[in-house]
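I've put the structures underneath this note.
Each of the next two complexes has chain A plus one more chain, namely chain B in the first and chain C in the second.
Up next is the complex of A and B:
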């Protein structure tokens, strides 16, 4: 199932606004949408483990948050919060990253009359989040082989060393990738002043309408519950 | 070559490279800022967390400032995208405005001092104000920020924040630590530049 890039942007905004502030009942309704959409992308395992962690963390968080727990408690609640509030946001963004090709995203943005100067960095940024983590993981493995770990006595003795061993290789490889990417982009005629064409048809269909209506309905419900209290 | 424009402008190839660099470094900045600000979950370290953000992000930012050709545009874009991301994460419009102003100031620093160490250093210090401003709503609109945190954290943490918001000293502390982190990070970044990046030819 294919959604329009603009619908996905709307989904991201709507999901963030509900997930970050609403109680569990509304949040779970909102989270169900990207989960179902990810099922269409055939990510069974991810959706299952995500939903399990999310519900456990969410229920635990709702139970714990009214109490004053001290420092250790704050750490537990913060972890639950990350799984309950931040993880769904990341999953929505992950869905957008997995399902949207760069050219579709650019076509959608240019339909919304966003200038290319803003679209190019945004596209690159969305493409680069996974790359940052991949590269970082690879560098971490390489450093583990040399006996340099993130949490060890040696690191505690010299915290700057970890910056030097982890951050600098990451920067070097990312800038290399970036240079190659910009050369590849300009050979394909990507320039701020040109208007690009797109092979994939971008437009609103029935599924877009369904997503829009669902999001608006949940936001309206949530707003109504706020007003009536 | 007939297709080459000679309008005296910089070529659009370097513009694309700049824009791609903005994308990469924004992604990196957001990831690093979130990772290094997470020590703020320990209530005693809230004030110091800005220092760690400035410290960790100053090395990538130095590289970013050196790599770009159009400081004004690039810094505005980086800060604008960061501000929009903050807006999505639930911060107010004030944050976006602050981000844009700081982007402008950073661009001016780089424009005036070129790519000398002073320019990079000042730009980095101004940029550190942006990540420090994430806590600003706690003082400007206390109630809203507290109820926003209440949806995120337990009562003990919120009570600690409420206690902090009573006086303006922690706010001054947050900014001071941010700038301090940027100063230490700036000197560290200069050493790293000399030791690694210049040798690899990345600073061109």
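Up next is the complex of A and C:
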């Protein structure tokens, strides 16, 4: 199932505002939507593990939040809250990242009359995430080879060293890749002043309407509950 | 379309005095295939950047002279305009893709030019048919091999149908089979009357395609040959200029039966690996590497060489395999050495894996690898070859016995290849056992005593040279 990139942007804004401000029940309703959409992208495992962690964290937090649990307990509750507030946001963004092609995104933005000067850097960012993970994995391997482990006596003594070991090579190689990427893109005619076409048709369909209506309904319900109280 | 360079000089700095190109005059006729050859740092890549407009439109510096595409001066055009006439393919397949899926990538250039979607689809279909890419459609770019990525890069450029193709070391990461595919693609372009400019160290695959080989040295065009002329001058002549051989070096040797029994060897048993039980990626009952010698591992992209290296080094595989690797002491020098340098100075890099830390021993290792003068430098400030030697030094200092190299000479010119070869020999003389994954027959001839060839996850051939 394909959504218009503009619908996805709306979904991101709507979901984030509901999840970060409304009570548990509303955010469950809200987060169900990107989870279902991820199922359409065949990410079964991810959705399942998300569902599990989210329900445990959410229910745990709701159950424990009023109690006096001491230092350790508070830490657990705080972690649970962080997980259940932040995870849905990540899920929405992840859905957008895996389901949107660069050209669709650019076409959607230009339909909204966003200038290319703003769109191109945003698109590069989307393209950059998988590269960061790829590079990071290779560096992790190199560290293993050198015998630098995440948990060892040495790293406990100097925890910042591990950050440095990981970040310096990552930054160096990402800077280089970023430069090469923009060189490649500009030799292939990507420029702010040109008008692009898009080989994938972009437009609103029934599924977009459903997403809009669903999101607006939840927001309206939440707003109504606030006013009536 | 004709390319003309008229009295071109260029410097990456503000002053024309330290120019990397000096007074270049070059005319490339429509439909010609010209190879720019020369040592690293000779300025040949800079010439290619002049043709695709990156100089002066992207890279800053000081330029004199004119570059004409047809009768238009590149200085008066924009990069977007130039991209209609010139298509570029770069060396690093990892960083020239803007999309994550192959279909969008092939369409990308056309979309930028504002071609109608119907027409784009027609062009994609034709390109896919011409390049035999059916099996690569709809794939994630991050899951392709280096050779497959380079084919997609060529296809994407082809779809925009430019008159000129500029390729900057396109074969650096490719095996011999994929290099042949690349030669076929260039032939196809030539048969359609396109102008092709290739910057390249490896010359053998261009022998039948190239019309001229232009030799660049210290920012000037020194001389020109046809491939036949260069071949007639013999391999020693090419080597003296720092060029790779134009004839594909053939490897062959006696079956290693007698030599195997001589001397000790490091033996691995039962090297198996698979992502899914039914499809083994690697299945090697026994691998033995002669101690203190250099063994080469050959095979096509995707034959399982890198997986074997990772198994041997304990980066993959079962617990017991990983423990065995640690006990033996194995070390992998990665293809991209940038990934394995972590600290702030070369000396720290060597000391990092040393227990106990011993500065005199560290200096001794640095000295043996010609790095003593760089001990206080930041590893990232060094050249590619120096970085590689720092990585090797850190492997030596952590007292590993088996050092595995992943493509140590990809993208290197003849002289640099010889330097790497000398380093390898020096390591073997110190008693280290070396295992070198490579596509480079010249390197193998230069320093390797044993050769193992892999295919489909199995060892298919073993011989001594």
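Remarks
The working rule: the second predicted complex is superposed on the first by the 207 of 229 C-alpha atoms of A that agree within 3 Å, B and C clash if a C-alpha of one lies under 4 Å from a C-alpha of the other, contacts with A are read in each partner's own complex, and residues count from 1 in each chain.
Assume a contact is a pair of C-beta atoms (placed from the backbone, for glycine too) under 8 Å apart; a residue touches a chain by one contact, two chains touch by 3 or more.
Only a predicted model underlies this, so the values are computations on that prediction, with no experimental measurement involved.
Touch criterion met: A:134 reaches chain C, while chain B stays clear of it. Within the superposed three-chain model, A:2 lies out of touch with both chain B and chain C [touch as defined at top].
By the document's definition of touching, neither partner reaches A:43: not chain B, not chain C.
When the shared chain is aligned, chain B comes close enough to touch A:78, but chain C does not.
Of the two partner chains placed around the shared chain by superposition, chain C is the only one that A:143 touches, whereas chain B remains out of contact.
Contact with chain B, but none with chain C, is seen for A:160 once the two complexes are overlaid on the shared chain. Applying the stated contact rule after C-alpha superposition, one finds that A:111 touches neither chain B nor chain C. Within the superposed three-chain model, A:13 lies in touch with chain B and out of touch with chain C [touch as defined at top]. Residues 123-124, 127, 131, 164, 168, 172, 177, 181, 185-186, 190-191, 193 of chain A are contacted both by chain B in one complex and by chain C in the other.
Chain contact summary for the complex, chain A toward chain B: residues 12-13, 16-17, 20-21, 64-71, 73-75, 77-78, 81, 85, 89, 117-118, 120-125, 127-129, 131-133, 160, 163-164, 167-168, 170-172, 174-175, 177-179, 181-182, 185-186, 190-193. Only residues 12-13, 15-17, 19-24, 26-28, 31, 41-44, 56, 59-60, 63, 67, 73, 77-78, 80-81, 88-90, 148, 150-157, 159, 188, 192, 196-197, 200, 202 of chain B touch chain A when the two sit together in their complex. Taken together, the chain C residues at the contact with chain A in this complex read 52-54, 58, 78-80, 82-84, 86-88, 90, 92, 94-101, 104, 107-117, 120-121, 124, 142, 156-157, 160, 310, 313-315, 331-332, 334, 336, 338-343, 352-353, 380, 394, 398. Every residue of chain A that touches chain C in the complex is listed here, in rising order: 101-103, 123-124, 127, 130-131, 134-135, 138-139, 141-148, 164-165, 168-169, 172-173, 176-177, 180-181, 183-191, 193-201.
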